[in-house]
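These notes open a run of structures that come right after.
In the two assemblies presented below, chain A is common to both, partnered first by chain B and then by chain C.
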Partner chain A sequence: MSVTESPTTVAISPRAAANTRTRVIGLLMAVIGLITTFIFGMGSVGSAKSSLTFTPVNLQSAPWHLGALTLSTRLCDVIIGLLMIALGVEVVVRHPAKGVMARFGLVAVLFFLALLVWAARSPGPSQVPFINLTSILIGSSTLAMVLIFGSLSGVMCERAGVVNIAIEGQFIGGAFLGSMIVSTTHSFIYAALAGAVMGGLLGLILAFLALRYLSDQIIVGVVLVTMLGSLSSYLNLQVLTPYPQYNTGHTAPNLAIPLLSKIPILGPVFFNQTGFFYVMLVLVVVISFGLFKTRWGLRVRAVGEHPEAASSVGINVIRTRYTSVIMGGAIAGIGGVAFMAAQGQFQPGYTSGLGYIALAALIFGRWRPSGAVVASVLFGISVYLADNLQTYQIPVPTEVLGMFPYLITIAVVSGLIGRVRPPAADGQPYQRD
Partner chain B sequence: MQLELRGITKRFGSFTANDRIDLVVEPGQIHCLLGENGAGKSTLMNVLFGLLHPDEGEIILDGEVTNFADSGAAVRRGIGMVHQHFMLVPVFTVAENVILGFEPTKSLGRLDYEKAAVDIRRVSKAFDLEVDPDAIIEELPVGLQQRVEILKALNHDAELLILDEPTAVLTPQEIEALMAIMRSLAAAGKSILFITHKLKEVRAIADVITVIRQGRVVATAKPTDSEEQLASLMVGRDVNLTVEKPASTTGGNILEIRDLVVRDDRGIAAVNGVTLDVRAGEILALAGVQGNGQTELVEALAGIRSVESGTITINGRDITNCSPRQILDAGLGHVPEDRQRNGLVLSMSVADNLVLNTPRRHPFASRGSRNLAAVNSYAETLVQNFDIRTGSTQAVVGSLSGGNQQKVIVARELSRTLSFFVASQPTRGLDVGSIEYVHQQIVKQRGEGLGILIVSSELDEVMALGDRIAVMHQGRISGIVTPSASRETIGLLMAGVVEVASA
Partner chain C sequence: MPRAFTQFANAWVRLTSKSPIVVTFFAIVLGLLIGALIIITTTPAVLVSWRGLFHSWGGLGHALKVTFDNVGSAYRDMFSGSVVNPPEFWHALTTGKNWNQALTPISETLTYATPLIIASIGVGLAFQTGIFNIGANGQAILGGIAGASVATLIHLPMILHLPLTMLAGIAGGMIAGSIPGLLKAFTGAHEVIVTLMLNYVVALFLIFSLLSTALQRPNQSNDISRNFDPSAQLAPLFGTASGLRVSWGIFIALAVVVFAWWFLDRSSLGFDFRVTGANPNAARASGINAKAVIVMVFLLSGGLAGLAGVVQASSTTHLIDGGFLIGNAGIGFTAITVALLGRNRPMGILWASLLFAALGVGGRAMQASTGIPLDLATVIQSAIVLFVATPVLVKEIFRLHTAQTGAVQLATKGWSS
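And now, the complex of A and B:
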């Protein structure tokens, strides 16, 4: 049986394809909005109230004290849901050229907020009848900080054309060595330096195998993670357990910035943090500036995009890749120490895949430091909630929230939402002919 | 700048790619380096540009012996190279590409884009190379990208410009424009070394011609020499540049393509509404600048790319979106564009490659096991008939020269009963001898009443082989002309400029 179709000529431009993807994102946002409106909003008892508090537990002496904000659960979540729908519809109808991902991020944050409001409703299943929003932001900020260290490491390496899957391994190495150093020297500066050396060394191994022996970078990275996981377990058992004085579990002190830390709600989140947090902020600015405004950045990006072209104007491709990967490793190593400094005592396996989430944040952030920050914040919140929502006895399995970063990454990589393009020579071995 | 090469020798193992090459390029001179693929031109240029180090010999610039540690050193010494495959970062702007490696900076290592733009405008004005410094490279047409390559070299104060096969990707009009640029550069005192195997271009532009063959300088020639003279110097024997093509009687349509739409890997309609017929006993040559949908059209024909809409029929049988196996059985012979990637399994023997499309058929296999004796004797016959130069049918096909690899594919495809034959870039990268041979085989099949489609970006080949010439531009057929049409007409069609009445 053959059907003769009327001959049609379809012109498909890349612009049109991008529009289709934009519409998909818009629809997705609207669907999340509908879920929020009807399940969280209309699904709540009309008389239910949710309380939000803003005074962090560790900052009782704050000069400000905001009372609890008590809202109607239904009204609050319906409004949030409608706002999300409006954002989604706007994207579908107008398909703006820029800022789609930012809007999507906003919807994701709003979704978390609606979820929290719903979870804290009273009467409801929760034993904690209020939600401390500031505490949640502080808790998430620690995770986001670690993820930002990791994804900045990824930016450094992949912009130069080397895939660094070993971020997780560099976290583990940094955390292990950092804990030993801080236990013996009581200095987080020494610990950070040691973590940087450790991460840089692991970067050197990756670079050496990838650049000298042209080994598959993904495989080398996975091997490094596995090796560090096992090695740290072994050393933990052989060294840290019998000699607990090497793993005393200090946490880094918070350094409050005068005045700024007193700002209500946001002050404690941004300006009453450990030194690692401020180092991270500086790194974000320096790397963004360096990569996109300076000679060094132009050369690194050229090496990651078209190494032959870079080489033809006298740029040393191999050396550029070595330095980028070692610097990237060092950044991830510091990230490991930062994690340790927040958690205390080193325990085997306690980075629990944060390095991979950082990699996901790198991709979601389109290989840009600014994008990586946005993605890390989003993923940091979702990981924190996944770890802490049990408290609120939410009927949603926390593992579902834990999957969020990966689901987003799959959606991004498959081109379902947004268009991402890695550096053209990312992961490609380079050989001078 | 005066360049002198004295006794340059470069060996790779036991193979001598350059054998005591002497060459002098005077300032303001356009010096052509003419040679076949594999004659050693690219090796020589890589030596000159610091990418390879010569085993013997000297590079002398303005009377001074020089040694380049890397290409950056060559650039600093005033040598600029326009590579065959552009050395441009596609996602960077024109300005970023031009300054890469020699960036003007402000404090803190910040890039000084204002100074870069001023420099670029100055150079582009001086040499009539208009281009927007803020344009993104990948959004520019190929001709403009090449202009950026030249601009890049000039911005680095190149006094000697090497152009490596620069016309391969250009339309005839773009080639004219390039030649005008080369002339104005020479007039400004720059030395130009122009590498090519195209005789027409050599005669049009060269001041001096050096012919190299098998790594040696075999002659110097004048642009006034005839194409035949140049060709025989290049090949080392007399060659027949015209394809002997007896009159042929054409029959009915063998291939019919209707309103075909095919998307490329990015999802863009690379073939966008093509309707085309090829008759029995006819060679239809498909011309066009690379990347205008020819590749996707042929892939759709061969069943290795899915068809979005429209139909393809061979002898009235609908083969749209059929599997390659079904299409081969329908009588299609296919020589793919990239022979090493899609035409051969390089690590397998000549014999196995010769039966690659029929390995499970009688007599090469029965009851699930291969009959190697039949395969080998069949391979022996083909190697004889098609003059494939190989030590043995068991030799790994990757060890053969490009020309002989192509012969293996042609032999395999033409040794079945066919009704239609399609060949993409059938002579790309081949030496003149192999080109002659492949062309003869194609004409022979035409005499036997096959419908033939030849896709080529070499205009000479298109005009020599085609009974009709279809020109493709941006996924559409911009016109169909007879071989008597002028190069200018075809060139305009390639640029999509005019619609010409169908032949």
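And now, the complex of A and C:
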């Protein structure tokens, strides 16, 4: 038995502890606001102007044209900073029971915006005197989409009580097979199906070793990632290099939704995307609804929280876990294909740890589909900015920005900000009596 | 049934029931078989030869010959590139010349094994305490950065400089290790998540520090450090002229093995560690301070990983760059698999490190001579560890009904434990 929690430890007023944590988040938000106000806002020259543009480049179906918006850098960043301070103070004073993390996410997004406004100020060090907000959102949305696939996969597996640390491996497997299939069949539908099969197969291996042989799920996951990384690198050299026709590197075409895609800013981000993006949107809705509103979802969650109890009311724990893990693996496999469809040609190692960021998003999102989506968007933006801010010559090293997803996840799991609780039986072996 | 056969079968059962090493052995066999299968299914020449079977049955012999030739030459090159090349060795033995050439393969294996042994001992110590230190790679990188700072910025005579460089590496690893240790002890944060995330933080910090004015090589715009001072380098064991790269670091590795053995089997702190790993509740009941143990095991494990990082840089490249321990070169990740293969025991880890080092070095030789990519070695390594982590599966495949599994200790029980 794995009952370790004695009732006495729970008695230390959890309400007070929650309030303290909420206050810490509020303070942190206010501090970020102060930094924004004084360093980005007051720190820039009073006459500096920042220019925002909204018309994306390289899009066949461009939205209705929106002129450039030129703002005073100082004024803009001071306003954003004060807004963040206000949000922080509100959290400290009122410590609301719900929506604290959502406010924190809003502050993070505002911080990114303030950073961009400040980075593009002119006169300033930047060679590009404007920022194209729509392009940045489009770029981030691709990363966020892949992260959402990955973290939804994690939600599926871990809600059923199996730790899926192998998301990265499923990405690699999906991207590899997807690239081969799309090169030979020229169909992204077949590629997505192949990626789903590949991811599902990896999920099956994880489930088989974890559920039948009770292997440590974290070890199996880590080893599967290593194996897929080296296997794909091996096959790339041994098969794809001599036969380049199997890795021609197509990128998926954008499917613009008429009219809606013409809306400025939002249109290109939400309605002028590849098919994978729309599949992702559908999956988010289906999984959120399925897990929390259907009998099937209740069973999955029961298996992940208390398998013995679930078993005693007649739920087949092992079978439920198998199906959830295989489905989760398939979702991550499609995510790998989606990544390949955005990047083109498969290259070994090009997912560069995105699967682990997806894992971080899952944890930051508190093992809930909606939370995972918010976290993935946040992390997608930060990863995109870290990769693309060099052009603005900002004095903040972009590596620090790249650390954001990891540091915030560490802060969350250690309860420094917020509080997360995994499904109670997550990662625990289950043995039938 | 013939008597001889029965006797053999009995001896077989007795042999296989004795030791968990049997399962490890069969895991290695299975890993190599999987490697062979991968070579067969991905080498065009082999596939073409099997196509001959559709024309005539006579093609079978040819196909088998081609298959064995290809698989055989791959594994033969792996062996002769990492252990010893028999003709060269025989030549050296009979003529007394070219010893350096004959010893190069084993020297390369030992060079690669040196930091691996140190890092794997660190991971194994943590496993024995029930802690999954997946962040050995990050700790090794931070150790390398700290060591490189001392080795390139301070100038001292060797007798001070080399120990100081090593100590800096240990300190760097301890700093990286203390974060998950303190967080786990005082907030209950799961060490796997924290160390996993820290690996990426440290990898980004590596780039950041190598681009900083302090560490970056002068007149360079990319991420590379200055060369280590000669007084901070681990010199080759047989002198630079020999061309053999195996360094004095191998003695550091052996000292770490002996230390780990003493620590786990003879010291009272090591006993506390093992009790905590075997049964946390019993440990708490007998008055062991669980928080102190968690922090200390992370300091020790991180310190060893940091030492591994600095030994790696100081004995081979004499500098660190943006690719230091990144990707396939990440000894911290290999160390996890080595510790599992060695069942977290110091001697087991020593042998496992040598095996994995030989696979890695041999893989490079195989790539050079047969063109089969060296990543195959990593695939074989991961397959071996998957089987070692699943002893019951190995027993079922080989029908080792009575063999003890000596079960690899399950260090973690998921996020919520």
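What we mean here is this: the second predicted complex is superposed on the first by the 416 of 433 C-alpha atoms of A that agree within 3 Å, B and C clash if a C-alpha of one lies under 4 Å from a C-alpha of the other, contacts with A are read in each partner's own complex, and residues count from 1 in each chain.
One rule holds for everything that comes next: a residue touches a chain if its C-beta (ideal position, glycine included) is under 8 Å from a C-beta of that chain, and two chains touch if they have at least 3 such contacts.
Because the structure is predicted, anything quoted here is derived from the model rather than measured.
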First (chain B), second (chain C), both or neither touched by A:His306: first
Which of chain B and chain C A:Gly353 touches, first, second, both or neither: second
Chain B versus chain C as contact partner of A:Thr251, first or second or both or neither: neither
Which of chain B and chain C A:Gly314 touches, first, second, both or neither: first
Touching partner for A:Thr294 - first (chain B), second (chain C), both, neither: first
Chain C versus chain B, contacts on chain A by residue: C
Chain B versus chain C as contact partner of A:Ala424, first or second or both or neither: both
First, second, both or neither for A:Leu209, with chain B first and chain C second: second
On chain A, positions contacted by chain B and by chain C: 2, 421, 424
Chain A partner contacts - residues on chain B that touch it in the complex: 46, 49, 51-52, 70-73, 75-76, 81, 83, 85-92, 96-97, 99-103, 105, 108-111, 156, 258-259, 261, 263, 266-269, 272-273, 308-310, 318
Touching residues on chain A, where the partner in the complex is chain B: 2, 5, 7-14, 17, 293-296, 298-299, 301-302, 305-306, 308-316, 421, 424, 433
Touch list for chain C against partner chain A, complex: 38, 42-44, 132, 134, 179, 183, 187-190, 192-194, 196-198, 200-201, 204-205, 207-208, 211, 281, 327-328, 333, 336-337, 340, 372-373, 375-376, 378-379, 381-383, 385-386, 389-390, 392-393, 408, 410-417
Residue ranges of chain A in contact with chain C within the complex: 2, 4, 158, 161, 163, 165, 209, 213-220, 222-224, 226-227, 229-231, 233-235, 237-239, 242, 349, 353, 356, 359-360, 363, 397, 399-400, 402-403, 405-407, 409-410, 413-416, 421-429
